[in-house]
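Below are structures written as structure tokens.
What follows is a pair of complexes built around chain A, which joins chain B in one and chain C in the other.
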Partner chain A sequence: MTNADTTIEKSGNPEEAAVPPPGSAHVPAKKVPQGHKRLLTKRDRLTLSLMAGLPTILHIALVWVTALASILLAFTTWDGIGFASITWVGLDNFKELFTNNPQFWPAVEHNVVWFVVLILIPTPLGLFLAVQLDKNIRFSRVYQTAFFLPVVLSMAVIGFVWQLVYNPDTGLINSLIGANEPGKYIDWIGDPDLNLWAILIAASWRHTGYMMILYLAGLKGVDPALREASALDGAGEWQTFKNVVFPTLRPTNTIVLVVTIIEALRAFDLVFVFNKGAEGTELLSILVTNNIIGESSRIGYGSAIAVVLLVISLAVIIPYLIATFRKERRA
Partner chain B sequence: MHVTPSGLSVPGTSRRTLLRGMGGAAALGAGIPLLSACGGSGTAADPKTVTVGSNASDAVPKKAFADIYAAFTKDSGLKVDVNTKDHNTFQEQINSYLQGTPDDVFHWFAGYRMQFFAAKGLATPIDDVWKSIEGNFPDAMKKLSKGEDGKYYFVPLYTYPWALFYRKSVFQEKGYEVPTTWDQLVALCKQMQKDGLVPIAFGDKDAWPAMGTFDQLNFRANGYDFHVELMAGKASWTDAKVRKVFDLWTEILPYHQDGAVGRTWQDAAQTLASKKAGMYLLGTFVGQQFTNEADREDLDFFAFPEIDPAYGQDTVEAPTDGFMLSKAKKNHEGAVKLLEYLGTPAAEEIYLKSDPNVVAASTKADTSSYSALQKKAYEMISGAKSLTQFMDRDSRPDFTSTVMQPALQKFIRDPKQVDSILSSIERQKKTIFASS
Partner chain C sequence: MSTALTAKRTPVRPARILLHLFLAGAALTWLAPLLWAVYAALRPYGETSEKGYVSWPDTLTFENFTNAFTQSDMTHYFGNTLIIAVPAVLVTLFMSSMVAFYVSRFDFRVNLFLLLVFTAGNLLPQQVIITPLYRLYLLIDLPGITMSGKLYDSALGLVLIHVAFQSGFCAFVLSNYMKMLPHELTEAALVDGASVWRLYWQITLPLCKPAMAALATLLSIWIYNDFFWALVLISTGENMPITSALNNLSGQYFTDPNLIAAGALITAVPVLAVYFLLQRQFVGGLTLGANKG
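For the complex of A and B:
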């Protein structure tokens, strides 16, 4: 900053400059207009307003206006043709959703199952792989690439690939175990007792790599001195990990939790490609899409489902933000 | 630049400038779509060009339509500007497409899906077109082309029937006879099962094929009029008549290929092609899966057997594709000329040359080049007392896609739950049909 620069020039002593002398409070006040004059020329202000203004406008228009519009539409019915056909129906959409829609509660349940499974299986697995790869074993890079590859693929591609694996007639699994004969079919895609788990295997396959990379980054940041110290204290590998390394991974764990919640709530593309959210794999995001997009155009009703999804997201985000802010205030 | 004596007012000015900048940018942002909207509807139309919105994105039909338009241009001197979109995308965006700046003429389907846009004022009546093409079509087609207000809104081009497909060689080899009554069908299914065949191939992963089975059972058991009432949301899904349809279905469901909800219709068709299945209920487009010429010639079909003698086999499910005139047409005269041309046998013949799985909607079109299968399809349709379009074309798409598709998949998997499924359908139907 200009003020700091001038102080340094005058005093010639950096140490003194770092702590401004008590009497200097008036000096910067005099220099403010000059400083700002130099800081913000006409062009600067234009640039600034464009740089701050445009994103703000886009943010308001694309996030806030649409979110509020969707909340408002949730209390109406609208077929999407002309604004005149919007009619206010109060809470009817929600009543219909909670009491009459046979797909709604399963969808909520599946979103929850999705989260629980991602946290219980691929996350520890990713952590395990990260710990192994962190040991600088041979071909570490090759393994890293192999495990991370599914994360690079788009969800739609993953859905398509796994759908081929699970195909009841020509798929890999049924062909291998001979379950593609009449009477012996294992319907991985259509059977509601199986299909969610079949898809979750595909989702976990991808999520493991994602978690591995996050934890690997976290592990690289762990101070080697800590390990050394615990080794000197006579701690075994597991004890070191449990008592020393894992606690230092706390920031990574927070990221992992947030990422996994987001993954569980936005789960859509994989299932949509896999079986379009047939019975057993209903998800809130798919219900929103089925009702709003396409010819069905039940925009009010679809918005009501979207609002439920929003409320669930907020229920997760708000406690997280409160905790973060509290921590910041304490610090 | 405004220089103030007080340091505090400077940030004030800059904040104001910032806000002004934001306001300006907001006005700019809001202005762009408005301007483009004006531009879209305001452009003067070229009287020599007709625009067409097409969903024929596959290579074969795309070429066929291009041939039709080339012939029209030669005929009338009017240029046709085709705007082709992916088939499914076209269907999904149809609402916003028709409200925005649609092309003069657009591809669409007959039935409720056509009447819906007519009633919403998104299509223009074309009684003037029909004055010249009326003689080309049978009464059933005329009925299909009218909106709820009795005016014409649609020009049909081609159609295809739904029926039970089988392989002649399999029937010959095993000595099967084509069933004409329900009891014969059930007996045939039993026999096929004994012979180690899957009696009826079935794949409902895409969720629409089951609607075809329901339609057949429904209009055979309850007649065409009940089909119309049920699809229009007037009859109740908890009616004993509907329950009867599901009872019949439950009776033959064990003879359907199992694991149907996870199988695409293409895979199901392959089981018929490979002689593992005896029959398959689908539209004539099943022929697309018979790539081998010899297999193709071996393919044959018969109408779904009679259930109630009062209705016999008088109804045929024959989805019909054609054209409509948008509300925002820029070249009305040219568009009318194009629609008149599309309603002629000549245009249909050009199309059929490239797609041997469908038949012409017009009775005047030349049938001499038809394959045996096409001839049979043509006879079936022209002999029908009533034509239906298919559940998702005869009813509200929001009802069929969000309620019926999952409900039928559930029934196929677990037919015992039929009562709770039907009462759930009825409850949801009431709210959907009550809105708008």
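For the complex of A and C:
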């Protein structure tokens, strides 16, 4: 690892050299010429198809075939014992899900709330911190390290750490405000009116640092001359940010939006560690998992929930990727 | 001395001092939950249950850490993680660099499609595929190859899903990195009659070291931190990697908050060490492929 470290130092920042926030200027202007192909021998062609083929087969088999299987299973019931017991039930699973599952709509709502909170609080906060830390300020690295620290921790560890803050008996908050005695308890983890917000604070704690790093990278790409020009024109700090800096952050904003949506759909570990998705904190991901490792193992029904999750995800992923790759092609 | 230095960079203005006060305050607030966990872990349970957790300490000791570590046999679970993470990181890098090489060096028409498939797959929530994956793992018999005789409940199963899932992201990052390398480099070698494999292994890969180092750091931390795959795809508590095992251990061995704090912090030590030692790679890797969810 130390070796790798020195290599990086020598050859400069990987982030300078490599990849794309969409629309970045890093993509080479030159197209790869066709000439390469003509020089290939038969053996080369075989090597190449193996090199691309094996990873692709593994990826497609474990990710896309299973995603497709989720869709198919969503229209069936199956007890998991032998393929013969798979019965086609049409839209029954979805009908039951939409009309007859007391957890489904709360779960959808909580996923939406999760996204709205992340995009409204930690995201602007991360942007704000990034703008401050980008000012060529002393100790910038120290501050960055502190804000970014939660991002490297696993969600499971974050869950345990925040339980120490929220525990009704022994937790920091209740101890400080004197609510840790019988009769005065505030149950941050169990109370269905409170627990989602408590968890979202922990999630925001992590998300802020993540957003800060993405925006810091974005801000490095803003031409300093633009800012100087704006300052010379007599624009204040806020005006310069609003009219000059923020518009040039557009590619970063796109990434931030996609990352935040995906994060809101993926939310699972933190809630599972906190209270296993008990009342007040149901999420789509938790419902899917409960149909596998929970008491009620219903394969078709669980798959129907997964399909809802898949449809929402693809509605975000596909337009984003098409836009990214189109830009790259044009470049 | 510090004022002199500040003066050299920018004149000290009240606004700057305010900004520093704000940032220092915010940074401390950010660290507070972790510091609180450290404080709880350093105090004996007897003392905290008597005096309450918000109180001045009489004794600070590492006993909770040693107890958490030995009683629950954490070494065993760290070993499990190692068996999963090391092969998963290496194979992911190997596989994704091959795909990236193919995609970036040869303008076959499938390139864009291939890259789309890989990247989109990587962005999916894990729960979308878990039900069929769980069934598939139960169906695949591997007698004599894995301890459980199946892909389910085995380290191999976890390695495979990590590789399949993460290679999308890595292929994306590496292919963009490889596109930056001058095309003449490989073309000249091809004209000289070098094989495609040589082009990949001896010419292209060594030039990708910086990107590979960043990705290796990132992957190690992600795979170490994985909670979900192991939770569902491993049934025997004994076989769980450390992050997922934490959940079981907290009920079984970590019976008071002080021990839970110590156990959770011990689990965080390896990632924190990697983070502090290789911060550049980690942050670089993250912003490098910023489309990661």
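Convention: the second predicted complex is superposed on the first by the 273 of 331 C-alpha atoms of A that agree within 3 Å, B and C clash if a C-alpha of one lies under 4 Å from a C-alpha of the other, contacts with A are read in each partner's own complex, and residues count from 1 in each chain.
The rule is simple: a residue touches a chain if its C-beta (ideal position, glycine included) is under 8 Å from a C-beta of that chain, and two chains touch if they have at least 3 such contacts.
Everything quoted here is computed from the prediction, not taken from an experiment.
**Student:** Does chain B (first) or chain C (second) touch A:G183, or do both, or does neither?
**Tutor:** first
**Student:** For A:L54, select first, second, both or neither according to whether it touches chain B, chain C, the two together, or no partner.
**Tutor:** A:L54: touches chain B and chain C.
**Student:** Does chain C touch more residues of chain A than chain B does, or is it the other way round?
**Tutor:** The partner that reaches more residues of chain A in the superposed model: C.
**Student:** Identify the partner contact of A:N136: answer first if only chain B is touched, second if only chain C is, both if each is, neither if none is.
**Tutor:** The answer is second: A:N136 touches chain C but not chain B.
**Student:** Tell me which partner A:I318 touches in the superposition: chain B (first), chain C (second), both or neither.
**Tutor:** second
**Student:** Once chain A of both complexes is superposed, is A:D191 in touch with chain B (first), chain C (second), both, or neither?
**Tutor:** Touch status of A:D191: first partner only.
**Student:** Which partner does A:L120 reach: the first (chain B), the second (chain C), both, or neither?
**Tutor:** Neither partner.
**Student:** After the superposition on A, what does A:N291 contact: first (chain B), second (chain C), both or neither?
**Tutor:** Touch partners of A:N291: chain B and chain C.
**Student:** Who does A:L310 touch here: chain B (first), chain C (second), both, or neither?
**Tutor:** Touch status of A:L310: second partner only.
**Student:** For A:T170, is the partner it touches chain B (first), chain C (second), both, or none of the two (neither)?
**Tutor:** In the superposition, A:T170 contacts both chain B and chain C.
**Student:** Which chain A residues are contacted by chain C in one complex and by chain B in the other?
**Tutor:** Residues common to the chain A contacts of chain C and of chain B are 32-33, 36-37, 40-41, 48, 52, 54, 56, 61, 80, 167, 170, 291, 293, listed in rising order.
**Student:** Hey, which residues of chain A end up touching chain C in the complex?
**Tutor:** Counting only chain A, the residues touching chain C are 1, 4-5, 7-8, 11-15, 17-21, 26-28, 30-37, 39-41, 43-44, 47-48, 51-52, 54-56, 58-67, 69-70, 73, 80, 129, 132-133, 135-139, 142-143, 145-150, 152-157, 160-165, 167, 170-172, 175-176, 180, 205, 208-210, 213-214, 216-217, 252, 255, 258-259, 262-263, 265-266, 268-269, 272-273, 284-285, 288-289, 291-293, 299, 302-303, 306-307, 309-310, 313-314, 317-318, 320-321, 324-325, 329.
**Student:** Of all residues in chain A, which touch chain B in the complex?
**Tutor:** On the chain A side, the touching residues are 29, 32-33, 36-37, 40-42, 45-46, 48-50, 52-54, 56-57, 61, 77, 79-82, 85, 87, 89, 92, 96, 100-103, 166-170, 182-183, 185-192, 195, 275-276, 278-279, 290-291, 293-298, 300.
**Student:** Note which residues of chain B are touching chain A in the complex, please.
**Tutor:** 1, 3-7, 10-11, 14, 17-18, 20-22, 25-26, 29, 91-92, 94-96, 99, 113, 120, 122, 198, 204-207, 257-263, 267, 270-271, 276, 397-398, 401-402, 406-407, 409-410, 413, 424, 427-428, 431-432, 435-436
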